[in-house]
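Before any comments, here is the structure.
Order as written gives the chain letters A, B, C, D and E; numbering starts at 1 within each chain.
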Amino acid sequence: MIKRVLYVVALPAVLFGAWFVLSDNSESFYSPPLRDILTAFGDTWSADRLRADVVPSLLRLFAGYLLAAVIGVALGVAIGLNRRLRATVEPVLEFFRAIPPPVLVPVIMLFAGIGDGMKVIVIVFGCIWPILLNTVEGVRAVDSVVLDTARAYGVTGPARLTKVILPSAGPQIAAGLRQALSIAIILMVISEMFAASNGLGFTIVQFQRSFAIPEMWSGIILLGLLGFVLSLLFRLAEQRALRWYEGLRAAQRQG
Amino acid sequence: MLEVKGLRKVYRSGSREVEALRDLTFTVDNGDMVCLVGPSGCGKTTLLRCISGLLDPTGGDVRVNGKAVDGPPPGMAVVFQEYGRSLFPWMSVRDNVELPLKQKKVARSRRRELVDEALDAVGLTGTESAYPWQLSGGMQQRVAIARAVAYEPQTLLMDEPFAAVDAQTRADLEDLVRSLWKRLNVTILFVTHDIDESVYLGQRVVMLSSSPTVVQDELIIDLPAERDQLHTRADPRFVELRTRVYEQIQLAKKAAR
Amino acid sequence: MLEVKGLRKVYRSGSREVEALRDLTFTVDNGDMVCLVGPSGCGKTTLLRCISGLLDPTGGDVRVNGKAVDGPPPGMAVVFQEYGRSLFPWMSVRDNVELPLKQKKVARSRRRELVDEALDAVGLTGTESAYPWQLSGGMQQRVAIARAVAYEPQTLLMDEPFAAVDAQTRADLEDLVRSLWKRLNVTILFVTHDIDESVYLGQRVVMLSSSPTVVQDELIIDLPAERDQLHTRADPRFVELRTRVYEQIQLAKKAAR
Amino acid sequence: MTSVRRGSPVRLGSPALLGAAGLAGLLLVIEMLPRLGLVDDRYLPPTSRIAAALADETGNPQFWASLGDTLVAWALGLAIAVGAGVLAGIVIGSIPVLRNLTASTVEFLRPIPSVALIPLAVLLYGTDIGSTLMLVCYAAFWQVFVQVLYGVADVDPVAYETARSFRFSAWARIRHVLWPTALPYVFTGVRLAASVALVLAITAELVIGAPGLGKEIAVAQASEAVPTMYALIVVTGILGVLINLLARTGERRLLAWHQSVRGEVAT
Amino acid sequence: GTSSDSGSSGDSGGVDKVKVGVIPIIDVAPIYLGQQKGFFKNRNIELTMESGQGGAAIVPGVVSGQFQFGFSNFTSLMIAQTKNVPIKTVAAGVASTGEQGKDFGAVVVTKDSPIKTAADLVGKKVSVNTLKNIGDTVTRESVRKAGGDGANVNFVEMPFPNMQAALEKGDVDAAWVVEPQLSTIKAAGGREVASTFVDAADDLTVAAYFTSTKLLADDADLVKRFTEAVNESLAYADANPEEVRTVLSTYTKIDAALGAKLVLPKWPTQINEPSVQTLAKLGEGDGIFSGTPDLEKLLP
């Protein structure tokens, strides 16, 4: 346990330490000393601020992420299982995937207005791709003997999906979900750069525009912390869901 | 009734083309137990895959009870040669055996019973909650067998199901298969490399030639229906029959060289 | 010389704890050929993995030529029971066999020779360019054998290497292993479920009990060094020995019940 | 090989044909939406008008220069990110201590949006291609890196032990076992990274104003040149499709053995 | 780093390479025109325009020396000043026309909107391109001037090009826009309710060119030459609106038809200091600055 905590904090501690020392007498306007940033952190992120800016951001983030997960996995399974469907829609998906969300924001605004709906859609639009792609690949890579077994024993329909395809593709879907999580955070920020009046991304951009540089850095650090906590939660969930897989891989390694 | 008529299968991938089966014709009556022997790589697995509707033949016909097969027919269970890969690593042993029964909508209590019985019959009581990859090779293979047994199929296809178990367990499992066959009147097609096993188990032995594969010979095993490991194997008729099979296989291999 | 002393292995995963090996002690002299038999799940694979340094024992000691094993020792080749998964699906048959030789820095021309010879010996000439998953089960297993043979190891560990091949091929491969052993003076540890095979191949047969596993018995096979499939197996001494082994295994299984 | 139904007319719909059909469908929908009055054509002009604007653009040397700038930033950034991502992924993924040590830092750094790094990028590189490059590298790196980590974790223990038992050197184990196993993951990672890189290249140009398609889009947007804006967006989309096509081809060649490709080769 | 470091290449004989960070909008047309006319080359300045989106991208570039000069609106400059960003203006940028109803920036509503005057904006949702910047200050001032409570206006941020759609869909009640969107919206039937720059101050100087104090100290001569060239450009542009409309097409994608209709701003060569002071007071009153901008330090 102690070892695990050590693993988690060792490197960040060293890096932050180095940053603190190296930046201590920084004159540069845009990279102020870490000391100033930390002071700003305490001053800036009060409980009120968290409630007013971080909570709405998180709500949008969760809504967007969950929606992307559901759509991504569902679509990914369908596309992964059906070769012709895959051939048909792949170029269209690639087309949309290559369009930068910031460019699309105006278009999305046309259809979804300027409320939270728009921001959620931007998040979905941006972070669905790793989920979709990984699901497709995971589904395509299900062991043929496993598939044959399922067919032979009449494991078809929903059971085939929930008992065979999804668990088997599970590890790769998890890889996609994990990647999507950090992209979702990025898009949360991007979406809040447009037509927002609150939110973490909005606040950071606002700091940046008003040249409140230590505050801006403190926001970036908060984002990192947020990502870290979310990914920790994600890993817990992943470990539960993929226990068999971790065991399978660990079993023969350590014996 | 299981009819295989003029079955042909060619694998194509890129420039490589393998004629796994050239022209196979034979029938298995309902309630029959037929053993299939043939040199390694002659196409036994391919044949089983075609019969179970998992693979589309290049030519010819497979019919189960008069209906052309184009997908796994109901009431059929398959024990795959690649036992390790045919178990779902994300499920415990119990879940692996139980899943097909759930699909068959067997009631929960009956399911429990069937699973326990089957695991007991293959000697795996006590490992229900383990994952397949925590078991030895032979144990994994027995899980696959238990899964097929618990399913209570009308047709049972088994692809070298005892390859990874020890002699004693093998004998036990042979008797298990025979008792199952008698009790449930299942139609069984059994692929094996063990000539003694094929004679001991089967009512008929179908011998395949080596590639290009055709049916080399068929042999009716006219041993009494009541068989047991000690006496049957000592029966002079048994020895005679196994010699016949052995010779045919020798012939098959020679022809290929 | 291969020494196994007081070897113990307990698998732990979560709350499940399996004592695969309790206390194993035996030695194999250089140039010896020892067969290992035992009930399914008794820990043979576990033992082989400990000897090859792939698995750390929970207790006890494995030494090769006096040196404690803590990683695969040089000059050792292993044929895994899970032949299918031990082949690299991304490489052709030839590359699979050749790769270890490359690692051993064998010259290119010699490599070619060794690979061709080995594939020929296992009857796989003509499949060099196929991928393993395009082969039948038995063929895959033979690729794994060819890989070990081509490697020209000093110590060869084989885990049920002939489980998936037909009787005739099996006999051929048995003779191949014996000739290899004589020609290169390899130390061989051979796990099998086939009692006849263990007697036919070995100079000694080590029998393991079922779990908790110890060495149940050892038997010196005092058959002449020159063996052949027809005469050796008909030898009364052969029959006597195989009965001995059979009885011991029966005993082992009974004890467990 | 096993799931192909008998007589399924595989040839009838060759992937290229089906893909073209999919795209054609999209174009048709976009043509019809404004024409039927479902959306205002000032905001979403029909395909034909976008196409006309696109044709105009292709006659404009500025457009080709921008395209070139974007592609250079993209390719360079992607190459750096893939190289670094694969290297770091394999090294860190195969050494458990490193993996444990870096996990928290990685999770911390990863979600920091590249866009938040814009001031830093501008500070270091102005509005040159350098800023774009930095943002592209930063964002694309994680895509590859994380995929490689997962790929390395997916190595079949039996295959790995086989290699160990034959005493493969560490390098050979990586080269012949780890790498092929991770390769499908790497490909997914590269494909993800390729589009993320494109997205960021354009975003950076859009926000910072570094030369490239993104800047052109920003200018078109600010100038009320709606069809031109869409034409440029279409160009980015087309770039995406082409890039994917390239990746797919490479994948089919290098991964012929993989389960996911196998099924499409064998009959 | 890049090739040019704070223009140090220039002894008086050589040519100075100068990068200017600009936002590619109508406001900076003079500098493009001046470049075309050779006003900069005459003063041994080789000019390149680097476009950025707003002050947030340009100010850091100027401070770090990536650009020698930048273009930004005064509110942004004053925000930077209150945070002690080391910059100083060197020349006027763009100014309001000072004519009600004929300025280049305004608050507009749809044709049938119930909002008739700026006072009606109270409690309504108004879009601006950047929150807490010049857009909201001047709009609040218009509301105050019309007798409303300027503090009680809700602003939302969105890019100019999106405002027309948002207005028409009812996502916002009014939009603060500048050219060319202003003309587009009016052409589509939109109605102007306040000429905000005009309301804010007489002849308001909206934006300026600026440089870093470091460059000013290191190479005052270059700054002087640049200022002269800009001033010449501004004067020329102010006198030749048709040439301005032509030059627009070289760096924007505004089509000729739209370009001909645009209301052009004024380009005086002097920064109107009282108007800037007014702007500073307004900003301070609306809480946009965290302190009082020190115009001494900011203005040339």
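Going forward, a contact is a pair of C-beta atoms (placed from the backbone, for glycine too) under 8 Å apart; a residue touches a chain by one contact, two chains touch by 3 or more.
To keep track of the chains, here are their UniProt names: B, C = ABC transporter ATP-binding protein.
Nothing here was measured: the structure is a model prediction, and the numbers come from that model.
Peer 1: Based on which chains touch which, give the shortest step count from chain C to chain E.
Peer 2: 2
Peer 1: Which two chains have the most contacts between them?
Peer 2: Result: the chain pair A-D has the most contacts.
Peer 1: For chain B and chain D, let me know how many angstrom lie between their CA-based centres, rounded off.
Peer 2: Distance between chain centres, rounded to whole Å: 47 Å.
Peer 1: Starting from the mean Cα coordinates of chain B and chain E, work out the distance between those two points in Å.
Peer 2: 83
Peer 1: Which residue numbers or ranges of chain B touch two or more of the other chains?
Peer 2: Within chain B, the residues that touch at least two other chains are 11, 13, 49, 54, 82, 85, 134.
Peer 1: Going through chain A residue by residue, note those that touch at least 2 other chains and give them in order.
Peer 2: As it turns out, chain A has residues touching two or more other chains at 30, 106, 110, 143, 148, 208, 213, 247-248, 251-252.
Peer 1: In chain E, which residues are in touch with two or more of the other chains?
Peer 2: Expected reply: 56, 60, 63-64, 159, 161, 165.
Peer 1: Taking the touch rule as given, give the residues of chain E at its contact with chain A in the complex, in rising order.
Peer 2: 54-56, 59-60, 63-64, 76, 79-80, 83-86, 127, 130-133, 154-159, 161-162, 165-166, 169, 171-172, 290
Peer 1: Inside the complex, what are the residues of chain A that reach chain D?
Peer 2: Chain A residues touching chain D: 4, 7-12, 15, 30-31, 83-84, 87-92, 94-104, 106-107, 110-111, 126, 129-130, 133-134, 137, 140-144, 147-148, 171-172, 174-175, 178-179, 181-183, 185-186, 189-190, 193, 201, 204, 208, 213, 216, 219-220, 223-228, 230-232, 248-249, 251-253.
Peer 1: Which residues, counting only chain D, touch chain A once they are in their complex?
Peer 2: Answer in residue numbers: 1-3, 13-16, 18-23, 25-26, 39, 43-44, 100-105, 107-116, 118-120, 123, 139, 142-143, 146-147, 150, 153-154, 157-158, 161, 184-185, 188, 191-192, 195-196, 198-200, 202-203, 206-207, 214, 217, 221, 233, 236-241, 243-244, 258-260, 262-264.
Peer 1: Under the definition above, what is the set of chain B residues touching chain C in their complex?
Peer 2: 11, 13, 16, 18, 37-41, 43-46, 81-82, 84-85, 129-130, 134-139, 142, 160, 163-170, 193-195, 246, 249-250, 253
Peer 1: Over in the complex, which chain D residues touch chain C? Could you list them?
Peer 2: Residue positions touching the partner: 156, 158-159, 161-162, 164-169, 172, 176-177, 180, 183, 255-258, 262, 266.
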